[in-house]
Structures are given as C-alpha cells and as structure tokens.
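Before anything else, here is the set of structures, which you'll find just below.
Two complexes, one shared chain (chain A), two partners (chain B, chain C).
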Partner chain A sequence: MSDRVLLATFEHEDDLLAATDAVRRGGFEIVDAFTPYAVHGLERAMGLRPSRLTWVCFLCGMTGALGMLWFEHWTASIDWQLDVGGKPWNSLPSDVPVAFEAAVLLAGFGSVFALFAVSRLFPGKQPQIIDPRITDDRFVLVIDEANAAFDAAAVRSMLQEFHVLAVEERVTTPGGELQ
Partner chain B sequence: MTTEDSHTSPNRLFDATSVTRHNRFLQRLAIAGAIILACGVAFAAERVWSNLLVGTFYLLTIALGGALFVALTYVSGGGWHVAFRRIPEAMAKVLPVAGIAMLIVLGVRMSRYGWHHDWHGDAGTFWFKELWLTPSFWALRAVIYVSLWSLLAGWLVARSRRQDKTSDAAITGGNVRIAALFLAVYAVTFSLASADWMMALEPMWFSTMWGVYNFAGMIQAALAVMIILGLILRSHDGPLRGVFNDEHLHDLGKLLLGFSCFWMYIWFSQYMLIWYSNIPEETSYFITRTHGPWGPVVVGSIVLNWVVPFFVLLPKPAKRNAGIMMKVAVVVLIGRWVDLYVMVFPSTLGETPVFGVWEVASISCLLGAAGLMLFRSFAQAPPVPRHDPLLSESLHYHAG
Partner chain C sequence: MSSGTATLRPPLVTGDKTISDVTNDICAPMARKPTALWWAAFGLSFTALIVGVAAVWYQIATGIGTWGLNKTVGWAFDITNFVFWVGIGHAGTLISAVLFLFRQKWRTAVNRSAEAMTLFAVMCAGIFPLIHMGRPWLAFWMMPYPNTRGPLWVNFKSPLLWDVFAISTYLAISAVFWYVGLLPDLATIRDRSEPGWRKRITSILCLGWNGSARTWLRYETVYLLLAGLATPLVFSVHTIVSMDFATAVIPGWHTTIFPPYFVAGAIFSGLAMVLTLMIIARKVMQLEDYITMTHIDRMCKLMMSMGCIVGLAYGTEFFTAFYSGNGYEQFVFKNRALGPFAWAYWTMVSCNVVIPQLLWSKKLRSTLPVVFVIVILVNVGMWFERFVIIVTSLHRDFLPSSWADYAPTWIEIATFVGSFGLFFTCFLIFCRIAPVIAIAEIKGAAHLKKRPSAESSSKEKAA
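Moving on, here comes the complex of A and B:
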C-alpha cells in the first residue's frame, strides 16, 4: 500500500455497493470501506476472502473440549482417584458438561481476542475516524493510489456514475493509519 | 413483480409430467407398505403396532413442527421466511389427517397404556398416575390435543391463504395473536401428549425432560423436511424457483445446525441426570437402551442426529450448498426415525432390536404417504403468499 489513498464519499449504500464492485473490477486495490452500519453484500463487493476467524473459533473450541476432557480424566482418575457415588473413576458422562463449557468459553474468548489482535484493537487506542459522518449517514470507500493503473481523473469520472458526493486524497502515516 | 406473476398458479406443481411420475412412485410406496402392514397384523400384531406408532407420531410431529415454525415466525415478527412460508403451512395442513391417524393407532391399543394392566390393584402412592392414565380421561385428552392443534393451525393457515385474495394486511396482525395462542396451547399440550403416548409405554418410568426432548426432535425433523421440500420445489421448473434462494437455505441450515445441537444437549441432559442419580426406577429406561444390543442403535441415533449435522454444517459454504443440505436433511430424517424407534421398540418388543420387512414396510408407507400429503397440501394454495406485507423483505433478504 502506498502512502496516498483516495476517499470517495457516498450518501446511499446502494451507490457504495455498486461503486465498490466497479472499482474492484476496474483492477484497483480497495483499502477499506467505512459505513455507519453493517452493509449486506459489501464483503462480496470488496472481494474479501472468507473470514479465517471461524477456524480460530473452531480450533479454540476443540482445544477447550479435548483439553478439559484430558484434564478431568487426569485429575479424577490418574493423579488423585475420586470415588463419587460409587461411579468408576473414569466416568465420561460427568466430564462432558465441564468440557462443553470449556469449549464454549475458549471458542468465545479465542474469537474475540483473535479479532482484537488482527484489527489492532486494544484498551486506550485512539480512534482514527476519517470522517465523523461515517458514524451517522455517510459511506466512504478508500482506494489505494499505488497501483500503476491508477488514474485519478478516470477514477473520479467512474465514481461520478455512482453519485459520489466528494472525492478527496489523503496521505497515510508510516503506521498505515489514515489522517 | 415477476415472482408474483409467474408463481401464482396453484396447480403448477402437478402439471409437469415428472412430478406426476414421482407422485405415482410415492403412491406405490404408500400402498405397498400399507398392504404389507395389513398382512402383518395377522403375524406380528405388536410389532406392526409399534411401527404404526412410530410412523404416525413421526408424521404428526412433522405437521406440528410446520405449524410451530409458522407460529414462531409470526410471533417473533420474522420476515425472512415469508417467501417459502407455504412450505411449513403445507406441513401444518397435514395436521388433521395425521392427528386422526394417531388417534386410530392409539385407540386400537389403548390397553397398552394402563399403568397396571388389570385395573384392580391398589394404586397406593401412584394414585395420581392411575387417575391420569384412566382410559377414558387418557383418550379424551388425546382427542383434545389433536383437535386444538388442528383447529388453531388450520385457522392460521386459512387466514394466510385468505390474504392472497383479500390483500388485507391486517390479517398478519391478527395471525400474530392466533400464533401466540397456538404457542401457549402447544407448549402445554405437546409436552403432555409426548408423555401420554410415548413415555407411558413404560408406565412406571418417568423423566421430566421428556417433553423438551420430544420437542427438540420434532423441530429438528420439521426443519429437515422444510429444507428438502424447499430444494425440491425450487429445482427444475418448480414453483419456488427463484423464490426459495440460498439466503433462505443458509438460515434454515443455521437453524438445523442449532437444533441438532439442542437435541444433543437435551438428550445428554436427560441421560446424565438419570446416570448421575442412579435411581433404579429412573435408570430402567437407559439400562435397556445402552446396555446390550440396543447400545449401537442409540450411538447410531446420536451420530445421525448430531455428529453428522454438526460437523458437516459448521462451515458457512456447506449451509448454502444445495447438495450438502439435501444430504444432511435426509440423514437427520433417518436419525429422527431411529430416535423414535429407540423410544418405542425397547418398551414394546423387548431387549433385542428388530429390523425387517415390517419396519421397511412402515418406512415405505410413511415416506409415500407423507410425500403425497405434503405435495398435495402445498398445491392447494398459491406457492407464494403474494400479499404478505413482509414478502418483499423476504425476497431481498441476506443471511450474511
């Protein structure tokens, strides 16, 4: 990604969706899209890969379930054998509820913290809002200018078809944050 | 709107010759199964009756599951399902026939349900159970359950169909109130019915999770039937082509995945409580079913009802794939039969699983009769509720 990006602001989600699709098909690199709410179909228009978070969730859940089953087995029937109601030491049914809870807990926490990590979210982070109105009623598409095919005039005229409200160039900081 | 214009002919489903051929096949299945079962009455009456109990309860709970889905979505204000709501409505319209079949099957062997068979012993501490299972009271309740379900569900569906003609949006608001009434009635009566008809096969045994366990299996199977019907009705030149889309399939897939887990959760909750407390009068049910030859059958029902749908339907693309969804739905419907088989057969036929010509005949009869009734019921009304105020929302819905 270069340090120069183009910000295109739209008033309607349909325009944003159509423009995103057209820009991607035109061979330009889309940095991100900012919307006040989740716009259905935007991930498809942007050509995003399927989320890998589901795998994090699944693996964390399996780790929780299998890890807890092993731990319960080890504590109750290997390290210190417990007689509960005359049941065998190695009683699988009694281990299942805790294993289930551990699976849910690890899957939940794993997904949330993996999301925080990949989107670099942490307590005390200063929000970088490119335009206050993206939290209200504006839709902003951010296009990378690095591409050799990038032609500002052509992009502007292409965006006009989708009723773009404003087109603005910005420079990003070395950390990749928009200013 | 094009979907409205091209999908309003009520009998289009039966115009295609291929559908007529399928219909004939279903008819043959049903008739062949019924003839074999009729012969079976002479040779193996108890086994034929057990099969009929499983089959009619299967059919009845699918019909009831359709009514429940319609009622739930009205009450929760859902709009996503409206485009294919005629499918659960068609299932609900089978309720009167399925209910009468259930009453006949129960009626011919009412004596099977006595808490003790001679009716002269001292009820002792079980005085309430004796009162509750008094044949006349027990039979009266069965008639009341079936009548209430048929009336309320029929009312709901009839009003929805009337909306096609009158285009009166107020019908939707009225149906929300009827649906709420249905849900309240359903919650109590289905719990009691499952105890009356299935749990009382072993009158000395009881489980307070029986009602919710039966509910879980019911809604899971009903969702599987809706998926199969939706996929059939949208294929080739079916009446729901372009209406029942991948978004609807995706959401039904999520619900099937969720309720498969719910079934497993409830199954295990019932099992673990009984296993943990280890009281003889409660464990009798599971000792027959988990120790000895029924064990593998129980494991099979868990694999079919939970393991397969859970691991196959977890990834998002699987829930949007018609081929995968069809196969999983069929697996779940087989699992539902095995689940009911494990509920009924050990109680009526003892400690060894039996599977032979009578079971095959009853499954063939069930498949044929259910298929015929559901398609016929679907063809009674226009395939899309064209004047439902939420139809447009449903057609443009994104499951994400």
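Moving on, here comes the complex of A and C:
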C-alpha cells in the first residue's frame, strides 16, 4: 500500500457495492470499506476470503468437549471412584451434558476473543474514524493510489456514475493509519 | 431484496425512514430525560427489589425453615420460580439465535431487548437455587476445584450439577452474544455523542469499532457461529432443567416427555414475557415505527403455536398415565385435576391452552389491549404450570400418612416479588442506557429508502 489513498463517500449500499465492483474490475486496489452495517455481498465485491474464525470455533469446541469428557472420566472413575446408586464409575452418557456445555462455552468465548484479536479490537483503542457518519449513514470506499498509472481524475469521473457524494485524497502515516 | 418482494411483505420499518432517521429515533430516548412514567415504573420495581433483598437477607440469616416446605413437599415455590425465570429467558435466545438462523429479518426490531430480557431472567433464576442451598456462601462447592477433602470432586452424574453448568454457560453465552451485538451500536453512540462521559464510556466499550468491511465480515461470521452455538444451548438448558425432575422416580416427574415439553413451555412463557415488555416499550419509548403491529402479530402466532404444543403435552401426559397401567402415575394425574390443587391445575389449563386460542383471530391479534391481557394470563399460567408439576407430584406421595399440604409463607412470596423487582429494575435501566433496538442490524435488514428526499439532500448540499 502506498501512502496516498482516495476516499469515496456514498449514501447507499447499492452504490457502494456497484462502485466497489467497478473499481476492482478497473484494476485498482481496494484498501478497505467502511459501512454502518454489514453490507451483504461487499466481501465478494472486494474479493475478501471467507473468515477462518469458524476453525477457531471448531477447535475451541472440540477442546472443551474432549477436555471436559476426560476430566469427568478422570474425577469420577480414576481419582476418586464415586459409586452413585450402583451406576458404573465410567458411564459415558451421564458425562455428555456437561461436556456439551463446556464445548459451547469454550467455542463461544474462543471465537469472540479470536474476533477481537484478529480485528484488533480492545478497550482503550483509539480507532481511526475516517468520518463520524460511518456509524450512522455513510459508506466510504478507500482506494489505494499505489499504481503509477493511477489517474485520480479518471477514478473520480468513474465514481460519479455511482452517485458518489464526495471524493477526497488522504495521506497515511508510516504505520498505515489514515489521517 | 428486490422491490417486488417488498410489496408482498409488510415493511419492517414503517414511517418512510432514512438510515439516519433510524439512528436518531433509536438513540433519542437515551439522550432525553426519563419521563414521569419511567420514574414511576422504576420506583415500583426498585421498591419490589428492596422487598426482595430484605426477604433474602432474612431467610439466609434465619435459614430456609422460614419457607412453607415440609417433609413431604421439599421443593415448591423456590424451584417453581427458578424454572419460571429460566423459561422466560428462552424466548430471548429463540428470537436472537434461532430466528437468526432461519433468516427471519423481523427479529431485528426485538432481538436486542429480548436478549436483555434473557440475561436478566437468567440472573433472577440463578438466585433461587443459590438461596435453596441454605448456605449460599458455600456455592463455590458446586465447582470442580482441587480441594483438601480428598480431593472430593462434584458428582458429574447428577442432573442438579448439569444444571449448574447449563445455567452458568447459558448466562455467559447470552451475555457475550448480547455484547457482541451491541458493539457497532456502541460505536454509533460514540460517534454521535458530544465529548463527555457518554462518549468516553462508549469509546471504551465499543473496543475501537470503526466499521471496516474486513471487521464486518469476521463479525458476521462470529455472530453466525454464536447463533449456531446458542440454538442447541437453549434446548440443552431446559432439557437439563427438565431432567432435574425426569431422572427422579417420582410419579408425575419420571417421564420421557419432559425435555420437549419443558422447552416448548419455556419458549411459550418467554414469548409472553417478550410481548409484555414490547407492548409497553413501543408505547413508552415511541418506537411504534420499529416494533410494528406486524411484529406483534408474528410473535402472537409463534406464541400460540407454542401454546398448542404445550396443550398437546398436557394431553399426552394424561394419556401416558392412563395407558401405562401404573396406578401411582394414574393417581398423580387424577389428583392434579381433581385434588386439592385442582384450582392451580385448571388455572394452568385455561391460561395456557384455552385462552391463547383467541389468537387465531386476526382481529384480536391486532387489538393491543386484548393481546396484552392474553400475554399476562399466559405468564400467570406458565408460572402455575411449574407449580402444578412440582407441588402436585410431591404433596401426596406413596404413603398416605405422610400426605401434606403446601402454602407459601410471606417470605417466599416476598422473594418472588423481589425477583420481579430485580428483573424490571435491570430492564428499565437497560432501556435508558443502551439502544433497545439493534441499530446496525435493523439498518441492514429493513431496506430503507434509497435516497433522502430531494429537499433534505439539497439542504445537505447547501450546508
């Protein structure tokens, strides 16, 4: 990514979607888009790959289930054999409910904390707020100006087609944050 | 969604709103001073909460001998309240998770407050078994931790312990689900607030949310995962609650129908409570354009179908008792319908099965006062269902000489009143400090007007 980006602001998700598609077809690199709600189809227009957080969820869930099954087995039939109404120490069916709850608990917390980690969401973070109306009713597309052939005027006129509200050039800091 | 479908389905948000109008309408009540009505409701709830705290203090200091229990009826009011509150919570998860998986977009108007309701109801529920322990300061004994008594581990074969894990997991996952859903809306409040305490607190709580499409993609994935986890979780929770009874050998409890019967009953009672809260909230907070009559109508239909399942379960229970040829089982059911607690049984049947049938009529479903009365009666009926299951199965056991009666003491009643106080106090505070409708979700689902009207956009240009 170069240190110069172009911000295009839209008013409606359909315009953003169409513009994203056109910009990407035009061979420009899209840095990111900022929207007030999850715009369905935007990930396809931007060419983002599906999230791999499902794997985190699966692994955490399996850890919870297997770990708890082992723990229940170990406590009740190895460490202190507990005779409850003459039932076998190692009866598996009675271990299932708690193992299930442990799986859900770990899978849920695991995927949420993985989301926070991957998206760098943490309390006290000073986010780059490109436009305070992004969380209200504005859709912003951020286009990289890396390409030597990048023609700002041509991009502007292309975006006009999609009812763009404003086009603005910004410089990023060395850390890649927008100013 | 194409405009063609929009003509087939009633709009999710009425009143010709733009995206920005949605933000303003939902955030407005938080910025306004509370109304006199809110203060009145809060005063009443808080008083009830104080009554409950005093009652809990007294019964813990004195011992649970202050209850009306006896050697025959060892579970009664307290466990009834526990099951009642857990059940209330289930509709919140149904709306937020199950309807999400079924892509029911209308849920976006009610899911936030239904989830809040779940959270507060499960909190209320948790209090009762804690008190029932008699020595609640030893509640940590339910956790399997290495100790100096052996270590003596908890009994993983006991449904009561399964309950500990189920309820605490349910509370934790519901809280996480609710908080993750709140993140984008907290960022909305941050960005529209003037610098001050509200902006500072929401900046911390929204974890630096900036609306990036990459974050949204991951967020949606995690939201779907949480919905997928919460759905089996909610079924497991009430299944396990029902196993507290079903794994016992008491006639009237020892039956395989309990898990589905309890889950249906839980969702039924929860929907009644969601409707109670929604009918009040939409009026008091002027959210009629968001929680429309269509929403009320759909929830009524859902509630009625659950009510029919519950009615079927009542019938099946009776038939099973008759067909089993088991004299003890038959006696319990005869005793339920005709014994000393017949009044409770028939209250339950009329409130849960007979009265909801009125909702077949579209005219009645769209008459709010009627709906309100029906949902209150369902709340009452579902409380009595748990009371009937618990008390009538116990009070006349195998040995006629040990038959006993049961009546709650004022301590038990005050504790129950206090749990309502806690629930409504929490809910009223929630209505003041958080957006009661999921702003980001309803914007995505409602397909609002394409562009603001010509005059507003020209105003914007002039500015």
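Simple rule for what comes next: the second predicted complex is superposed on the first by the 176 of 179 C-alpha atoms of A that agree within 3 Å, B and C clash if a C-alpha of one lies under 4 Å from a C-alpha of the other, contacts with A are read in each partner's own complex, and residues count from 1 in each chain.
Everything that follows uses one rule, which is that a residue touches a chain if its C-beta (ideal position, glycine included) is under 8 Å from a C-beta of that chain, and two chains touch if they have at least 3 such contacts.
As the structure is a computational prediction, the values presented were derived from the model and not from experiment.
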item: Chain C versus chain B on the shared chain A, clash or fit after superposition; value: clash
item: Partner chain(s) touched by A:G41 [first = chain B, second = chain C, both, neither]; value: first
item: Contacts of A:S94 with chain B and chain C, given as first, second, both or neither; value: both
item: More chain A residues in contact [chain B versus chain C]; value: C
item: Touched partner set for A:T54, first chain B, second chain C, both or neither; value: both
item: From 296-304, 386-394, 404-412 or 422-430, the chain C stretch with C-alpha clashes against chain B; value: 296-304
item: Where chain A meets both chain C and chain B, residue numbers; value: 38, 40, 50, 54, 87, 94, 97
item: Complex contact set, residues of chain C against chain A; value: 18-20, 23, 144, 150-159, 161-162, 165-166, 169, 172-173, 176-177, 180, 183-184, 187-188, 190-192, 204-205, 207-222, 225-226, 229-230, 232-233, 236, 240, 243, 440-441, 443-444, 450-452
item: For the chain A and chain C complex, residues of the former touching the latter; value: 11-12, 14, 32-40, 42-43, 46, 48, 50-51, 53-54, 57, 61, 71-72, 75-76, 79-80, 82, 84, 87, 91, 94-95, 97-98, 100-102, 104-105, 107-109, 111-112, 114-116, 118-130, 132-137, 163
item: Residue ranges of chain B in contact with chain A within the complex; value: 268, 271-272, 275-276, 278, 314-317, 398, 400
item: Chain A residues within the chain B interface of the complex; value: 38, 40-41, 50, 54, 58, 85-87, 93-94, 96-97
